[in-house]
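Consider the two complexes below, in which chain A is the common component and chain B and chain C are the respective partners.
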Partner chain A sequence: MAEQYSWPARGKTSIIGKSHSRLDGPEKAAGTAKYTYDINFDKQLIVRALGCPHGHARIKSIDTAAAAKVPGVDYIHAFKKAGDEIEWSGELIVAVAAISGGAAAEGVSKIKVQYEVLDSFTAEDDLEAAIKAGRTKRGGGKSLTAREPGDDDDEDEFVDAEIERLLKAAKFTVDAYFGIDSITHCCLEPHGTTVKWEGDRLVAYLSTQNVSGTDDQFARGLNITADDVDVHCQYIGGGFGSKFAVDYWGLAAAEISKATGRPVKFLLSRDQEFKLGGNRPSGYLKVRLGADENGVVQVWDSHHWGTSGYTGGGVSHSVVPYVLTPPNYRRKATSIKCNTARARAWRAPNHPQACAITQTAFDELAKVMGADSYDVFKANLPSASNGKADLYAAEMEIGAKLIDWKANWHLHGKGPKKGSVVEGLGMALHTWGGTANTSSAIVRVYPDGSVEAFCGTQDLGTGTRTVCAMVLAETFGLPVEDIKINIGSSKMPFSGASGGSTTVGAVSESHRRAGQDALAEIFKLAGKKLDADADDLEAIGGRIRVKGKPKRSISWKQACGGLGLKPLEVTSSYKRGDESPLSSSGVGGVQMAHVAVDTETGIVKMKKFVAVQDMGLIINRKLAESQINGAVIMGIAYSLFEQRLIDPKTGAFLNAEMRDYKLPRLGDVGDIVVSLYEPESERKRGVIGLGEPPVISPGAAISNAICNATGVRVRVLPATPKRVLDALKKARA
Partner chain B sequence: MEKTPGKTGFSRRAFLKGSSAAAAATALATAPDVAEAHQVGTAVLAGPTVIVLTVNGKDHKVNVEPRTTLLEVLRYQLDLTGAKPVSGDGSSGASTVLVDGKPMMASTLLAVAVRGKKIETVEGRGGEKTPDAVQKAFVQYDAQQCGFCTPGFVVATRAFLDKNPKATEADIRGGLNGNICRCGTYANVIQAAIAVAKGGGNG
Partner chain C sequence: MKAFEYAQPTTQAEALALLSPEPGKCELLAGGSDLVGLLEKMVLTPDRVVNIAEIDSMQQIEADEIGGGVAIGAAVHLDDALDSPLLAMYPAMMQVISGLGSMQAQAQSTVGGDLFRRPSCWYFRSGNGLLAGGGQMVALGDNRFHAILGNDGPAKFVSASRLAPALIALGATARVIGPTIDDEEFLPLEELYRTPSREGQRETALLPNQVVSHVILPPGEGTSGIYEAKHGAGPGDPMAAAAAALRIEGGVVREAKIVLGQVAPTPWVSREAARAIVGQRVTPETAAAAGRAAVAKAAPVRYRPSEGQHPPSGTVH
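Right, the complex of A and B next:
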């Protein structure tokens, strides 16, 4: 065992912290990378399913007789039966397995289901209507007010009085409403699986973020044991937090396969992916805040609501207000039960909405004060709940330079107008944990010097394979291409699900540990050949050499030759939460948006977006930048384009196709400038996850920029052209 | 969209007529050999049919029904799974292939409608060991994350740059908007496309 795990110091790395193209890039660009949807077995059946068109209904009858007679249809699998109540639009009723997608679809079209349509409630933004309909439940809350001796009367009465007193005493106040609608994950590869049975053993290609955890899910659902399930996922077409589970349609695929004796492919259709594949809770907030003469918020009083579907839930109160937490606050959350599918974790759960509905209030304060938003954010940094005021201040300075804040700033609504176009700036800041997940890896070094590793992780697009290879290459002093990485099978050593920015930390931990443990053994062999102490050796440039005496060296291959006839195999693990010199948690980031708003059309154009981000130690600069670029673009999507539209009368999901569910296109994103902030104070903390944090701030930053441009707040995101025009019209009235 | 039957071999109206009267219609296009299957003059099709499609320079005999899409043939009969099924209406661009050099959505093309045409898929651009300029640039500029949209984007970028070999950044931002990426690789795709354009479209 290596005595102590560590990373090389800055300037002492040959691979870590540098840019390297993703190792599976050529396969992806060539179209030869095989995703779950691309796995085809001989004689496989393809499944299509019928979903419920209503938001709330009871099934009166299901007739599949005509479907069963369609040529090519092999099997019909009912999810529901007469009498069952359906509580959201899209819920699957019957699946049809056939020799082709066309035959399965024809079968689905012949199924007759009669429904008793029931009243549905989907007005997730309308608190009064929800109360009237009895659809609300308490979503938690907390108050914290500075107390002095003698202030020990009734808790609620005291808080009430104190909040009112503080608001009255405030030099500046804001009384406002902000919101952000529900969106979907919209993975381009829909949820689903391609399965076959080999005797009593299930082989499942699953589009999953959770390779190591889904064999057990299959086993429980099918009443078999997990050792009889192989889950594979070499490539996954998007997850974003929605693909941790096998899901009931995954189990159905295995059941249909068992019943028919044929392999089965069951991936959701596009509209089902929108309706069932995952959505992010909405959030709407009313707030009163009071600030002193310097713009430092002293009191915050908010109530927010929203929905995460039929079971209730919504944006957690614990992140309201977001990061900037005044000394006195009261926050209350109400969850609304809607006839919509249950929400799933969406990149940085709770944070993007909390940021969008609360850091807009800080910008509104700047507007009320007639102040520079930058100054107001800066004045409030000392209240950062994560204690990162200094880090944020440094990142704000970097961001301001990159977006040329001083030159481009004007007071809200006071900028020059070019024709009908006005421009504006906005900012926001965020935080995230990003702790390393549990992970084990096997590293095998062969006597001929070749190296491979095995780890039951997955590559969501982060570049997991590349990170594993870079960590081992750095450790062994070898080129990245010389390391063979094997991931994506539940039969490999356990590695936690990819969620919450935990994967790069996880695999860096397991691979660095296994690498350093293996290297210690190789050093023992090399030490004999070099007549040196193993502790005095280093592995650099394909050679093992004596520290300080580069000429006393042997090649990596020669050293490995000492293994004789059998490979060296090392398994090393990291357990989530354990203190480690290799990884840590807790990052910050600051983002700034520069937008142009056409006041005649209501169209908001992104001019420039600056993202400054710390993440501890950077493994691969190029991939880290890609994560941030991607997060910003997802942020632009939910700020300006995408929203789930539900028919208030029927509860039907109205825009469940790609043409109707608006996402930005290549021409919509403007210039994105990414700045990786890696001062020694952060680098020395080790690897921290990066996937979530940069997706958090865009909502508030873009909303603030629109308000700065027009002088008018678009209260609810996305800021669609109609909403922009409505806000301008209302302001003029 | 109306086309002359004799020339393209397929009329939308004739197809609609044919499919609505499928039971009564006579199957005319069950051809025993490739030469005959290449015949593209039939106007009414019903039931399973053998046709020949020219994909990446090779003729392939495939079994189709009138409703079979080109995408289904590529993915389920030719093991060409680069073009992806993302949207039923072609609005994501993930199934982009070249048909006689023009970018089209394999998900919205019926297989019988592309008989006699040259179909090129992403796999025809070059394999992972022999990538073309666009594929190389996509790797170098990391214009891919999960990679599910990447094949469609590669083909669309190739077609766009073939048509606009001297495209500027503004041209690319204005013209390459038929493909959706959910991971958010647009900034990198722009860089990749610029690099290829600067190299003369093929560089």
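Right, the complex of A and C next:
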């Protein structure tokens, strides 16, 4: 065991904190990387499934006789039966397994299902209609006042009176409405699996963010034991929080395979991926806030609503208002049950919506005051709920320089108009935990000096493999390319699901620990050869050398030769939540948007977007920047393009195709500028996850920039051309 | 996708012989950028798919000896059209292709295929028929991106062709062949399109066993251009499009053809817009006046969904 786990100090690293391209980049670029969708077995059956076209219906009958007669159809698997109530459009009814996708699809087209169509409710933004339809339930809330009620006061009445008093006493008030629609995860690789049985053992290639946790899910669903399940995922085409589960179609694949004795491939079709693969809850908020003469918000009073689907839900009240939390507040959430698919975790659950519907209110305050939004945000930093006021202030300064805030700023709606185009600036800030997940790794050092590691983690595409290799390479003083990384199998040491920005922390912990533990052993061997104390050795540049005496050294290979005939194998672990010098949690982050709005067409163009982000210690600068670039693009997508459109009459998901579900292209994202903020005060905290934070602020930042440009608030995101035009028209009226 | 028979004729005569007079039995394949998705979703379920992309005589761009213009084979790929010096005289057409927002679409799609792109209406594409319940699903549903002109019948979809407005403005003619190889007619392109009035009819006037083999453009004289209002730089449909071809003499418009796209079940020739600009100099003001004239009679289907503008009235608690 190593004496103490630690990272090398700044300036003392050869690999950590530098840029390194993804190790699997060439395979992906060349198309040789095998995704779950690319896995095929001999004699496999392909499954296609029939979904319910109605938002709300009861099944009267299911007739699969004609489907069974289609040539090539081998097996029919019913998910639902007559009498079942279906609560959202797209829910799978029957699956058909056939020797080809075409035969399976033809089988699906021959299935006759009779429905009793029931009233569906999908107007998730319409609180009054939801109340009328009996679709609401309390979604939680909290109030806090600086003054405490007296012993004789009724608490609710006191809060009521206090809020009204504070609002009345406020120098500036805002009374406004903000919203953000439901969107889908839109994974390029749909959810699904290809499975085969080897005797009583199940081998499953699963598109998953949760390699180590899905063997158990298969086992429970199939009534076998987890040791008889082997889950594989080498590459995944998008997850974003929607791929932690085996899902009922995954279990169906295994059941069909068992029943037919053939391998089975069951991946959702494109429209099913939109309908079933996951969506992000909507949030709509009405707020009154009051601020003092300096723009410091003293009182916040809000009610928001939204949906996570047919079970109700919506955005958690606990993140409202977002980060900036005035001394007096009252927040209330109402959950709406809609006939839509159940939401799944979407990158930084709750945060992007909470940011978009509350930090817009702070910008609105700046508008009311006739003040610079930057100053209003700055004035409110002391109320940051995570205590990171100084960090935000520093990041705001960096951001302002990069976007040239001073030169580009004008009061809301007061900028110059070039033709029909106006420009504006907006900002927002965010927070996230990003604690390291539980992770174990085996590191094996062979007598010939080669090194490989095994870890049951997964690479979401953001570079987990590369991070593992870099950490070991740094530890052993070897080139990154000399480390062989093995991940993506549930038979490897457990590593937690990739969700909540926990993976880089997790694998950095396990690999650094295993690396340092292994190195301690290698030092013992080298120490004998160098006639030095193991504690006095260091591994740098492919050599083990005595500290301070670089000439007293042997090569890594020579040192490993001391292992004799058997490799050195070390397993080391980190448990989530354990205090560690290698990782911690809690980041900030500030983002700023510069947009141009065409007031004639309502089209918003991104000119520039600046993302300033801290993340503790940076492992790979290039990957960190890429992660933020991706997050910003995703943020631009939900701010200006993405929208799940549900037919008000039938509850059908209308734009569940790539052609209709609008996403930005590179030509739409403008100039993205990423600034990694890593002062020593942050670096010394160790690794903190980065996946979620940079996707949080774009909604508010872009909404604020549009409002700054036009002087008019587009109340609900995405700010589509129609909404921009509607808002401008309403303002003129 | 339903299993179908695949045919790959090499001559126009062979192609016609492979087609059926019965609607829906055969579908023509060129680049496949539209058809394949429709087959995949089983919106179309033909018994036979006839690939006309390999017919040599439909792959050429040639000077039209008789009319002095250019004859473009229907199977010509859009990127080849973009590179053709013969077509440089037709800026409106070139602008459409270069503005498609997808190199893949430029490389894969054909001129003829674009003219026959099926409507994007989501009710149609989810299998409810082109008119989707006699227009009722659109009228009562989410009808954004649907027709604002020519929508008083059951057809509420918008014509999907990107090239048609430009080609009609440029005065294009379609060479239509079939049902037999001896049947040949030359149809002004705007007459190719019609608004269906009952389910089962398509959005063109062709018989199921007729084919457009060529598009013929008159000599490229005058000024032309297009404007597409696009939400995003991608290959998605524009929200609205307009093409204009003008003959300007002495700075004054003498003749004008203005065609709107994505606004009606057919490409929409706006005589009102043309009238507004003829006799005028083209300035931002006169152009805007023509634009206003073009949509003066627009009657959007009333938009039903809430569009998320629902602050409840009164106080929040």
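The criterion applied here is as follows: the second predicted complex is superposed on the first by the 728 of 733 C-alpha atoms of A that agree within 3 Å, B and C clash if a C-alpha of one lies under 4 Å from a C-alpha of the other, contacts with A are read in each partner's own complex, and residues count from 1 in each chain.
Basically, contacts are C-beta pairs under 8 Å (C-beta built on N, C-alpha and C of every residue); 3 or more make two chains touch, one makes a residue touch a chain.
Model, not experiment: these values are computed from the prediction.
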- [ ] Look at A:Ser302 in the shared chain and tell me whether it touches chain B only, chain C only, both, or neither; answer first, second, both or neither.
- [x] second
- [ ] Identify the partner contact of A:Lys418: answer first if only chain B is touched, second if only chain C is, both if each is, neither if none is.
- [x] neither
Open item on the list: One more residue to check, A:Arg723. First (chain B), second (chain C), both or neither?
Closed with: second
Open item on the list: If we overlay the two complexes on their shared chain A, which of chain B and chain C does A:Lys551 touch? Say first, second, both or neither.
Closed with: neither
Open item on the list: For A:Asp647 in the superposed arrangement: first (chain B), second (chain C), both or neither?
Closed with: second
Open item on the list: Just checking: does A:Cys187 make contact with chain B only, chain C only, both, or neither of them? Give me first, second, both or neither.
Closed with: first
Open item on the list: Quick check on the superposed pair: does A:Gly630 touch chain B, chain C, both, or neither? Answer first, second, both or neither.
Closed with: first
- [ ] Kindly classify A:Leu127 by the partners it touches after superposition: chain B alone (first), chain C alone (second), both, or neither?
- [x] second
TODO: Please indicate which partner A:Glu27 is in contact with in the superposed arrangement: first for chain B, second for chain C, both, or neither.
DONE: first
Task: Touching both chain B and chain C, residues of chain A - done: 101-102, 657, 659, 663-668
Open item on the list: Touching residues of chain A toward chain C in the complex: what are they?
Closed with: 53, 101-103, 105-106, 109, 123, 125-128, 160, 177, 179, 181, 271, 284, 286-288, 301-303, 330, 332, 601, 603, 640-641, 645-650, 652, 654-655, 657, 659-660, 662-668, 715-716, 720-723, 726
- [ ] Could you pull out which chain A residues touch chain B in their complex?
- [x] 21-22, 24-35, 37-38, 40, 100-102, 186-189, 235-240, 269-270, 460-462, 622-623, 625-627, 629-634, 637, 657-659, 663-669, 672
Open item on the list: Using the touch definition from the top, list the residues of chain C that touch chain A in their complex.
Closed with: 1-3, 37, 40-42, 45, 101, 120, 122-123, 125-126, 137, 140-142, 144, 229-234, 236, 239, 304-312, 316-317
- [ ] Note which residues of chain B are touching chain A in the complex, please.
- [x] 65, 67-68, 72, 75-76, 79-89, 91-92, 94, 121-123, 125-129, 131, 134-136, 138-140, 142, 144-151, 154, 172-174, 176-190
